[in-house]
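Right, I'll just put the structure down here and ask away after.
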Amino acid sequence: MHQLDPQSAAPPLLARLLTTRAFSEQLCEPLTAEDMGLQACPEVSPPRWHLAHTTWFFETFILKPHQRAYRPFDERFEYLFNSYYNGIGAQYPRPQRHLLSRPGNQEVLRWRRQVDDALAELLSHPDHDPLIDALVALGIEHEQQHQELLITDLKHSFSYNPLWPVYQPRDDDERPAPEFRWHEYSGGLVETGADGAAFCFDNETPRHRVWLDPYALASRPATCAEFFAFIEDGGYQRPELWLSDGWDWVRQSGARAPLYWLLDDGAPHYYTLAGRQPIRFQEPVAHLNYFEADAYARWCGLRLPTEAEWEHAAAGQPVQGGFIDNRRYHPQVAPAGRDAPAQLFGDVWEWTASAYLPYPGFAPAGGAVGEYNGKFMNGQMVLRGGSCASSQAHLRASYRNFFQPHLRWQFSGVRLARTLDPNRESSRGPTPTIIA
Amino acid sequence: MHQLDPQSAAPPLLARLLTTRAFSEQLCEPLTAEDMGLQACPEVSPPRWHLAHTTWFFETFILKPHQRAYRPFDERFEYLFNSYYNGIGAQYPRPQRHLLSRPGNQEVLRWRRQVDDALAELLSHPDHDPLIDALVALGIEHEQQHQELLITDLKHSFSYNPLWPVYQPRDDDERPAPEFRWHEYSGGLVETGADGAAFCFDNETPRHRVWLDPYALASRPATCAEFFAFIEDGGYQRPELWLSDGWDWVRQSGARAPLYWLLDDGAPHYYTLAGRQPIRFQEPVAHLNYFEADAYARWCGLRLPTEAEWEHAAAGQPVQGGFIDNRRYHPQVAPAGRDAPAQLFGDVWEWTASAYLPYPGFAPAGGAVGEYNGKFMNGQMVLRGGSCASSQAHLRASYRNFFQPHLRWQFSGVRLARTLDPNRESSRGPTPTIIA
Amino acid sequence: MHQLDPQSAAPPLLARLLTTRAFSEQLCEPLTAEDMGLQACPEVSPPRWHLAHTTWFFETFILKPHQRAYRPFDERFEYLFNSYYNGIGAQYPRPQRHLLSRPGNQEVLRWRRQVDDALAELLSHPDHDPLIDALVALGIEHEQQHQELLITDLKHSFSYNPLWPVYQPRDDDERPAPEFRWHEYSGGLVETGADGAAFCFDNETPRHRVWLDPYALASRPATCAEFFAFIEDGGYQRPELWLSDGWDWVRQSGARAPLYWLLDDGAPHYYTLAGRQPIRFQEPVAHLNYFEADAYARWCGLRLPTEAEWEHAAAGQPVQGGFIDNRRYHPQVAPAGRDAPAQLFGDVWEWTASAYLPYPGFAPAGGAVGEYNGKFMNGQMVLRGGSCASSQAHLRASYRNFFQPHLRWQFSGVRLARTLDPNRESSRGPTPTIIA
Amino acid sequence: MHQLDPQSAAPPLLARLLTTRAFSEQLCEPLTAEDMGLQACPEVSPPRWHLAHTTWFFETFILKPHQRAYRPFDERFEYLFNSYYNGIGAQYPRPQRHLLSRPGNQEVLRWRRQVDDALAELLSHPDHDPLIDALVALGIEHEQQHQELLITDLKHSFSYNPLWPVYQPRDDDERPAPEFRWHEYSGGLVETGADGAAFCFDNETPRHRVWLDPYALASRPATCAEFFAFIEDGGYQRPELWLSDGWDWVRQSGARAPLYWLLDDGAPHYYTLAGRQPIRFQEPVAHLNYFEADAYARWCGLRLPTEAEWEHAAAGQPVQGGFIDNRRYHPQVAPAGRDAPAQLFGDVWEWTASAYLPYPGFAPAGGAVGEYNGKFMNGQMVLRGGSCASSQAHLRASYRNFFQPHLRWQFSGVRLARTLDPNRESSRGPTPTIIA
């Protein structure tokens, strides 16, 4: 859930809504009718389900309670497209979403039209309740989250097809990554969390104090080349580099490279949304899980940043990088020469050393919408920043993403950190190995 | 595998081939593009996969080895659409067939066209090898088997959708089932199995001698009404009625009625390919597994027939009943008044008391096509007759169908049997309870 | 269940009872208190449980119903030590039997004393119901079955201990196996099954007619040397040799030799009840499952016998071989030179090609004791003969043992068979490869 | 791992060692030989294994590397009794520890004697390396941890036996719990973690600064009565009270009360080490997992304390309460009237809201002993205090215990906390419902 801030629901809300809604459908344009039902595992959902569920969200939380005359498109969809809101009712089993060939693609689009029209009418009414604006703003952010999932879920489902489906051909060029450097921060008693001046989710609040020892952050996320050196040094065969659960995961999964990497025949390739491609080693490495990010940092003699360290460094930085808006659907090589760490936002999410837990004084919103974030505060680790599948407008320094430590189908990478000695003049720290 | 009988590959072979191939596609006409990828569990396959795999069969076993100039549509399909032929090579994992959104529906149809054209050219050549005729005949039978699976798999996948998709509306009338009677057979040393005069699968051979004690068969399969009496008498709560594995299945599955029966709200309904419908109690009960058929027979104080008993009774009877050719996709009420048991063929397969094992002297064919039947002779029970989803031309008295004892997504029912006292004048046996 | 034959309960019944009861305890003498609770998997039971359950059998089926004054040792044991009799009541979960450290070893022995004393008193009464004699006879056979299981279960549980516990040192000598030969049978319409003249289990009845084509049986079970040739020829890597379920088992289990074989360091060893030992290749190979026995026969170009063929050959042969009575607990090399097949009884059970199904006209006994055999007639294959862990007095030609096809912790081996051409003068068949 | 502090290894180290070693064996005195092998699930270990593994620890980390003349008792034990130290080598599979009937109880005791004697000799040498003292001190703490596990594992394994084994009869009296009150703390920038002046584990270091908002802690852990009110209010049926993973656990486990509670027949009972007993409702509730503790706090409108809050409150408090030293093996009713929160130590561990993660600047020790704590810093929650199965001498304010959130076989309870409004005069907070 989110912090309701009626004031921030500025005039272009309806336009933002319709643009966002249209973008979801544009993302499906390269897909065939057959692709729209793909679901490779319980964690991912079919594209069609994303189109339906985001519509369900608006119908359930805005139209049904706040638009008296509204007639639901199909009463049975309340159950079919409820993701996890126990406060609304029972849910169609998540692992079976691919079995919902009906309603079909066209029917879901008709449902979207009906809901969009009703929302437009509601928002156009001059006297409408400001709470509706706040809920629409939330629904927009919710749909942006599902746009990211639509892309990452699709990549995952496609990856099971040995024909290596192409969602969009690659059109960018290779270039070298900038040199690895450290950015240093003196820390101290700092404030972290959202201050409530703009839209945020409830899990970013309340703003609170936290003590930070002096630390440094890497100037950019680790590259494929840097991570490949870890692989070549036996990283996936050495238990001492891994958390115990991580080592169990390595043994059970048989993993020996990031997800989608294909190392078995000739030159290293990976599956991307542009199909099977030679790995571009200067890019940020993506599709790591927490265990891999943590093991890589340990191999470097370094560590992951905490979320408070990350946020302290990112606060005030512009939200720049590769986003879904660029329609590349793949992380780009970091830009050169900046005073702040590059790619804090966009390209790849960055695993932190922080468990996803409530901030001191956290209270979820009341009602079913309160199930949005709070009930998941267990067993997950925080990621910060954003990825090439995130909307630029969706991100901010206080944003908390979270996934279970074994999952890696998101565009998730690693930015290294280290603790500085408070008593000594700080200096350049060790640089991780870079392969030629 | 089959017995090759080049003589029986009569002139209309090409016509039969093209009619059969076209029928597979006609079966998909009521389906949406989205439906074509549905796979609810590893045992069932998507409709599109059936269209592709049957094409693979012709391309792999006929065109590639016997048509020198033939260019495969896509070399990668050899792996993608191989079902279980280790002699051909590795297979795409069966539980993941729903993930093959590519090749899409139109591409699979184009493949079918290419293969059909090549087969037509091959068969039209005046000097073609008679072995090709035999293989085409086998391919036709193979495709008929997959037509039945396409229908039963589709019903199963649809049944997970609470919108209860309609494949085709119901248009038949209710009528009472004929009275239950016994048909008696004196048995003795009889011959069973195919005699090789017409097409048969290898598992029906060799014809061999078997001793039968005097026995009787029910005049028709058990009806929904008769099976409902078993349910109402606590059939699913009484371990003494079940085989040990069957009782384990009841407890683990929570089953308390045939598959697709919906007993929880008001009048009893079931899911059919015409959607959710009130149960018609005079029809043959379908979607039983072996454990249920066996428990029902035990509750009646009777037993299932052996496959030899069944075949001895069916030999020489006309292949009549409800088949896929009628396009009802649902068992029909038995016809009244005949001298032989009704519905031996069509409507519902009949579980027998016989394990699926090789006949004495059985030898599978050489090569990969020898994997068709023989390697499955373990852990399955034989069903005889045919169902409303079988092709009439595909069935015969010696036909052996087989499934694992816990599976029930086929149109599988039960015909009762009893042993007659050889020393006494036989008389009408006990009639199972019929509810009003 | 069994056929009750009060006449055969001859005078020495009490002596037989007490000898059998004492032998169960003697089998535990080499064991420590700690060993008595071992249970390596759900299929096996701890030695202490076997001592308790066999006592439960007498208390439940004889003393409670037939000895009015009898006071159960502990009412709670009815639940604790019920194996699978739903007619008696619920059962303590089988996989947890190792968790019953109480009642301890001494308490179980006290229970045995109480039950033995009560049985002795009951049998000593001159007017006792002959039904009691029949039930005691059944209880003796039941206890003999559990003595065999005690030994095979113990071997299995011990095998998980890398210290390779020694139950009893080996004291026999090596010698060569006799040459492989065929014994031929003309078959015809024969009778099979127990004739009821002596004790038998219900599953051996009724005696009935069956047709047999001419066939031959191997002169002895296959040896370790013969089976090793299969291994060396890639037997466990070639899918064409295996049933489909068998090949799945090979891949999932990673099996590449019989159970207990240790091929990884130097000379081939196996775990035996004498500890880790060099394999003696002239012995009958043991600890095969049905899939392995079947694959071996296919590799030989031969087949397994049916149970009717086996019984026809064994009928009238003396029950000779290596039994538990010899206290070797390991199969012995076949004796040389006989007119009939050697080792039909004892040493290793012989997998047949027959599924475990009811004989025509089979009817289990009434009451809970009717659960003894009949309810397991699904998904298992018949073994014939007996093993080095069977009691000699327990075996006969009509005896039907049965296990699921993937299980191999019994002393189970393979005797080859072949069908003879009825039209030709029969001759020596092909001899399977023997390694030097 | 631990912080090595040679100075604190004061003269009585050898006496402490021998007392601790003897106490492990005393804990086994009420057990039968049969009990010594019990292992109900992979998380628990048999008593005999605990006796062996603690001995392995001394032999592996002290005697082998530091006592040149030492001959291992049995080289094969290095593998058998390695718990999880990959740096030492492979490990016998944890779920199978109950299968190690050999070495038996007496042999393990002989091993203990040999190791104790060798340690005594080593420590008695006037010139021995002070590192040895530090390692012996660590081994003592390690053995104390296993004494606690021995008791909790035993309780768990015994609980599967419906005879409800008695380890030791109950001899204490009932009395009312003191009234619930709040203890308030103003927080601020405080230091937390061990300061290294005495023995501690590595995971308690380094001492570091943390900011705390004003908060209050409950005057005692929640009682059975208080938790029972949660149950009676439908606590286990209301998803809104649970974390999402917690609710999944409720549904999958079917839990509706703390572990060992028996609510199905008549008056509420629980299984204790004194057998099946009526619940004493004034005691601290035990055997909750994190999900239950968290749901209970949410139902109260309160929360769990963080580990820093807990430690800040406990720092400087005496280590008093019910410990394993009292040999009650069950939590006692809280004492009345104190100025600080009662039962911070002993009786029940207290779940905190903190994930088990490294403190800022944490570095595990080098070598295999560095696997002691650090590699488990994932997916677990911190518990603070100690329980009725902990050694008093083992506990301190900075001690961090940790378990996965679904586990509840430890004596784990819940102490409530709340955040105070920094701007208002603090006052007594809401008191959770107490049943009469």
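The chains carry the letters A, B, C and D, assigned in the order they are written, with residues numbered from 1 in each.
In this section, contacts are C-beta pairs under 8 Å (C-beta built on N, C-alpha and C of every residue); 3 or more make two chains touch, one makes a residue touch a chain.
Remember, predicted model here, so these are calculated numbers, not experimental data.
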Note = In contact with chain A and chain D alike are the chains none
Ask   = In angstrom, rounded to a whole number, how far apart do the mean CA points of chain B and chain D lie?
value = 60
Chain B-chain C separation of Cα centroids, rounded to whole Å = 37
Note = So, in whole Å, the Cα centroid of chain C is separated from that of chain D by 48
Task = Any chance you could list the residues of chain D touching two or more other chains?
result = none
Ask   = Which pairs of chains touch one another in this structure?
value = A-B, A-D, B-C, C-D
Query = Hey, which residues of chain C end up touching chain B in the complex?
reply = 84, 86-87, 189, 208-211, 213, 239-240, 242-247, 290-291, 306, 353-355, 357-358, 360-361, 375-379, 405, 419
Ask   = Touching chain D in the complex: which residues of chain C?
value = 32-38, 40, 48, 76, 79-80, 92, 96, 98-105, 157, 160-163, 165
